[in-house]
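One structure below.
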Amino acid sequence: MREDNIIREEDYVLLVLDDKRRWIVKAKAGGSFHTHKGIVKFDDLLGQEFGTSVKSTGDRELAVFRPTIADMALLKMMRSTQIIYPKDSAMIVIQCGIGPGSKVVEAGTGSGSLTSMVANYVRPTGRVYSYEARKEFLDTARKNLELAGVSECVEIKNADITQGIAEKDVDAVILDLATPWLIVQLAWEALKGSGVLSSYSPTIEQTQKTVKEASKDDLFGDIQTYECFVRKILVREGKTRPETFMVGHTGYMTFARKLNKNSRQTNQTNFPAFAKL
Amino acid sequence: MREDNIIREEDYVLLVLDDKRRWIVKAKAGGSFHTHKGIVKFDDLLGQEFGTSVKSTGDRELAVFRPTIADMALLKMMRSTQIIYPKDSAMIVIQCGIGPGSKVVEAGTGSGSLTSMVANYVRPTGRVYSYEARKEFLDTARKNLELAGVSECVEIKNADITQGIAEKDVDAVILDLATPWLIVQLAWEALKGSGVLSSYSPTIEQTQKTVKEASKDDLFGDIQTYECFVRKILVREGKTRPETFMVGHTGYMTFARKLNKNSRQTNQTNFPAFAKL
Amino acid sequence: MREDNIIREEDYVLLVLDDKRRWIVKAKAGGSFHTHKGIVKFDDLLGQEFGTSVKSTGDRELAVFRPTIADMALLKMMRSTQIIYPKDSAMIVIQCGIGPGSKVVEAGTGSGSLTSMVANYVRPTGRVYSYEARKEFLDTARKNLELAGVSECVEIKNADITQGIAEKDVDAVILDLATPWLIVQLAWEALKGSGVLSSYSPTIEQTQKTVKEASKDDLFGDIQTYECFVRKILVREGKTRPETFMVGHTGYMTFARKLNKNSRQTNQTNFPAFAKL
Amino acid sequence: MREDNIIREEDYVLLVLDDKRRWIVKAKAGGSFHTHKGIVKFDDLLGQEFGTSVKSTGDRELAVFRPTIADMALLKMMRSTQIIYPKDSAMIVIQCGIGPGSKVVEAGTGSGSLTSMVANYVRPTGRVYSYEARKEFLDTARKNLELAGVSECVEIKNADITQGIAEKDVDAVILDLATPWLIVQLAWEALKGSGVLSSYSPTIEQTQKTVKEASKDDLFGDIQTYECFVRKILVREGKTRPETFMVGHTGYMTFARKLNKNSRQTNQTNFPAFAKL
């Protein structure tokens, strides 16, 4: 994060017209941004402090904020592939015990939205190894990581994670893949003891297969699956009410902690596991 | 985070017997922990890697994990006062744009559970200034911050935040208070432009008053209120289903971004605000 | 309900192309219904049993079902005013203890969707007295009640319910009004002892005022407010998941039971009530 | 429903002390009911109107209401087996298009709670045929149906429904069974065209099997699965908030409408169905 709070060339700014109409754009001297309520000239912003406002040529006032990682994820990265919502990535970061210094394996990179979130919280000494087999995503992902300001903590690997994980003793393995169950054994090998496997899947069948695989031979213990709902409340004088439509489902999040081999050898049957409960 | 993964004297360990029965205890040579399923001797754990398991004298196997900040918040800190659940603190951290280096004001400290979460994510260069007027909470809070390993990033201030905020140009002000609306003007003064005010309240009336205050004179823009539900899914072979009981309400979370004075002076009426929508 | 199950002239039929594309239309000899997937000719349906299918001129098969009251409410009546969703009207019917023979006062009629639901369940011996001050709704409401086949159990009254309720000793008073709290005292007078007042409101402020009024002087006891969410689950081979978007809010439902005067006179303070809890 | 509103011998009354403490008891001359807040003497109630209040010997006032079918289901019937909550049975009644005159097959009877709800809404001319293989439930079920006042509309059949359904041309088949998918073909045979099959199951696997079976050979169309959540809102002056704990899951509800044979023969592939979507 920069020391001062001044909007400069090449900075991303969040323009807010109202609840629904909001954009993240890069400020360029001489440039402008077109909304259906008129044009915003970047020269009106440059040199101002974030938190200022600006008038469009259509005489509408827009607030000018500094975008957060969550804004980036929602507004900037969602174009290329399915993104993970901030509500879910927040839970993943916290349930995985991720913090500054954490060493994390992640797959697939996709547009880099979850990667950015995780990378933001391992800074400055941690590292994210992000696997993506599909070449066509790499450019977008790299651009988005730069945009989020976390490039130096991320190593994007153009590799199929089902073919192996090179890293060892990692703190967490975070999966957002169509077939996460294929990676469970590899994740176990990559994790340190007590390290967390996290898997995010839209369907219950993906979740079932992954939980089943994770509980096999007591590879993992304390296996938990959650779904998270967020509802917006419209707080308005005399007419406060929740928003009519909400996102009712994004994905199921599964978390599991690595059990060491010695425990598993001497004890095949005592942990809470898929097959036994 | 320590380099190796070995359980040593004075380490906190998470013991998991099953889904519901889990404890965080401090490992001490010669000591033991009593469960209703027998005694766990710490000497059986010391020198082992996290992720191991241990047998109680009642012949029950317990998994031994390294507790995360979220485990700490849920299992260790919830005794003294109402805590904020990890699902909510995760959202607060991400919506406030908190990351390594962030400068944050927080009140009240309480048992220090939200403080620990926030502090964990400003490490190593950021700082949390945590206000707590009630003397009787200070000891517990300090102990919990130590327990979470974040003491060096937190300055606990035994002061009533309604009497003033000493810090300036902070990135976020995070409130968990009975009367958050009294702090809105002070928070505006402490924040840098575009900085985020976050307020967490169990009741809708607290939320309404806070939103009203924040939208006065366009102090803040982009004011949003959310509630977050988390539901556990019991993934079991042939009988997968959500858990019967869930936490249906913890608190409403309001987020608002500081608008600078100049914008407000020239433009009193254009932003989405409580009184106008 | 007619004895046989044959589609005849003037019958309403529910045409289902898929999950989202469904219509209720009146079958007329020689007539047809135009979809973007071709034309359905009613002569292909007349004389068939409900549950049949029909091919459009675009060679698409549509299922032909007998519409239920809930289908009517969702597909047919929702055009004129805000309707109450079947999930909510179902709860209102059951929580009010409505059944065959019940005598119910309702306001406002609106398009008649809630009226139809309630009327359907008081049949054949009960009666719904439905108040609607706005003349412009009466025609639509009458048409919709006919459509639902419940006209003979409903008396639509073109009157402002705040001016008084003519009925006495009714089993339930069901309100879907902008200012329900103005009717609470009148509802009390119309209800028999232990009869149920039900009020449906989109905002929390309407709900608060109504609950406050109902608990004044112990007019009502056992006052409860609920919200009801329904989420659709897409059960598909290998890819079962909840639907992405859902209705997150319709309205709050409040239920209260009439306390008799004698109780109230002798005992002003013992019941669970708004002002005291 | 009786004409007058007077509490008489053998009437069931709902006693409400507060939100959590409520009981349904049978009023008997000379008898009494013991609460931890003192004794209620039935002689104080007999001859009073419903909606009155009564003082316990512990000087606490209790409200005395006439129990509805929903009260019965929740308070009186839940002792013997798992009951279906009123929120769910309300949706089942409405989605099945049940009303006065409907002819319904139901299984299993269990304690009779869903049976009572359905029976209440087919009165006075309809009929519920309720199958229960387990002899030990019959007595409780019969007692509960009597308690709910719906005995004359229900025929309890001590038979295993997997062995066949004797009824033909029924409007709805309502299943609350461990293995509902075994009944799908039989339900099809019992239903009239466009009649509704409803199945309630706690687990997703039961639901998947049932949906799969119902969509086979286009036996049924318009197959929909829902879950329903109800959250209580505590409306209190200055401190309105949802209740902390809620029921997060009861069961999934599946509804499907019978397609006639002729449609199915000529058209095997066009309807929205499990295997094809």
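Letters A, B, C and D mark the chains as written, and numbering starts fresh at 1 in each.
We adopt the following convention: a residue touches a chain if its C-beta (ideal position, glycine included) is under 8 Å from a C-beta of that chain, and two chains touch if they have at least 3 such contacts.
No experiment lies behind these values; they were computed from the predicted model shown.
Undergrad: Please tell me whether the contact surfaces of chain A and chain C are same or different in residue numbering, using the over-half criterion.
TA: The interface is built from the same residue numbers on each side, given that over half of them are used by both copies.
Undergrad: Could you report, rounded to a multiple of 5°, the rotation needed to superpose chain B's C-alpha atoms on chain C?
TA: 180
Undergrad: Express in whole angstrom the distance between the two chain centres, defined as the mean CA positions of chain A and chain C.
TA: Taking the average C-alpha coordinate of chain A and of chain C, the gap between them is 42 Å.
Undergrad: Could you put a whole-Å number on the gap between the CA centroids of chain C and chain D?
TA: Their C-alpha centroids are separated by 19 Å.
Undergrad: Multi-chain contacts only, two chains or more: what residues does chain B have there?
TA: Chain B, residues with two or more chain partners: 204, 231-232, 240, 242.
Undergrad: In their complex, what parts of chain A are in touch with chain B?
TA: The touching residues are 1, 5, 16, 18-19, 22, 49-53, 55, 60-61, 63-66, 68-71, 86-87, 89-91, 93-97, 99-102, 117, 120-121, 123-125, 169, 171, 192-196, 204, 207-208, 211-212, 221-237, 240, 242, 252, 254, 257-260, 262-263, 266-267, 270-272, 274-275, 277.
Undergrad: Which part of chain A faces chain C closely enough to touch in the complex?
TA: 202-205, 231-232, 238-250
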